[in-house]
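Please read the structure below before turning to the comments.
So that you can tell them apart, the chains are marked A, B, C, D, E, F and G in the order they are listed, and the count of residues begins at 1 in each.
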């Protein structure tokens, strides 16, 4: 069967991902769930700035509409 | 059953959350209800600036479309 | 029954609310009706700037899409 | 029956209204029709700047998505 | 029957209209068709700047989402 | 039968068009397909700046949501 | 049968594409899947700046809403 984009999120569930947002934020953390709007829950999430830790965010529910891309970290 | 992102909001109902908005506002308060659009009612809400209290907002109904992420505080 | 965010608007019908808009306007007035898009009619509405009266707007129909949050005043 | 926000537009049909737009334009004129998207036809419309006449627009069909609020003038 | 906003476009089909866009462009030309999204075809369209001709655009299909208002020219 | 805006795209299939985008880009090329969202495939597409060639883009699939207008070149 | 814009994505599956985003990012990589929202998975993705490599992104799931155009690289 043809692969679909959201299959990538299924494959990385429970793993570290890097998320780039429209407001230029980068967030790294463990993705534990997502839905069809690309809303994502991440645990141990960290805001990054130039690859360096800027702030610890803990567990977050991220609205999909803010996302540019998600990448396995 | 597979967990879904909005389950996080259910778990933290009645507890303190931190909400980051698209306009760079951060609001902390007790979440008392939400809906499928991520519209959220918060009680004893406070606007934060750099982690410090900027203004007391009291009870607010926040439109979900403004939210970047919600985090248990 | 579980409370829902729009219940807050029902509770405050006929009372003063403060509305914060995406363009940084704050409007205070008496909410007299609303719909599912959060379109709101306010009477004796006033535009505020830093908590001070900036302009009297009278009765207004406010489009919900502009709203960040609504708060009982 | 519960009043709804669009009832305000029905009440002011044929009367002067002031419309504030997202791009900071203010337009005053006689509203002659509207639809569920808040698209509005105004006659003898005038663009205002600080309450002063800036330009005569005549009859216009205004897209609802640009509107912040409509107010009986 | 109650008039509706799009009736204005029907009335001016084949005539000159002025269209103000969200990016501050003003376009004048003869409207020859439109649809429910306010997509509009204009012939002999001209971009205006301060009421003066800035560029000849010829026939254009204009996406409705860019429009602030349409006015019989 | 009443003409509709998308008929213009049908008429110019296989011909040169100029597309103005919301980010101020202008792209010229041969339109070879489109859909109801105004997504467009152009061949031999060129980015223009002030009417001059800025970059050769080759074949592109352009998302309709970025378009201000399409014009036969 | 009439060709449709998304056919271009089908043709280039498994090949290098260049994607221009609304935030001015350019990303080059191998497209391995897409859906009707133009969400795209790219492998060995690279962020480009003026045609030069700026950062290696690896595998990414790109939200379609950010895309201006996709081009076979």
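For this structure, a couple of remarks:
Keep in mind that, in the parts below, contacts are C-beta pairs under 8 Å (C-beta built on N, C-alpha and C of every residue); 3 or more make two chains touch, one makes a residue touch a chain.
Not measured: the values here are computed from a predicted model.
A turn of 50° superposes the CA atoms of chain A on those of chain G, with the angle given to the nearest 5. Mean C-alpha positions place chain C and chain D at a centre distance of 19 Å. Chain centres here are Cα means. That of chain B falls 42 Å from that of chain E. Per-chain Cα centroids separate chain B from chain G by 34 Å. The multi-chain contact residues of chain D, meaning those touching 2 or more other chains, are 65. With the ring opened at chain A and read toward chain G, the chains come in the order A, G, F, E, D, C, B. Those residues of chain C lying in contact with chain B across their complex are 2-9, 22, 24, 38, 64-65, 67-72.
Against chain F, the residues of chain E that register as touching in their complex are 21, 23, 25, 32-35, 39-41, 45, 57-63, 65-66.
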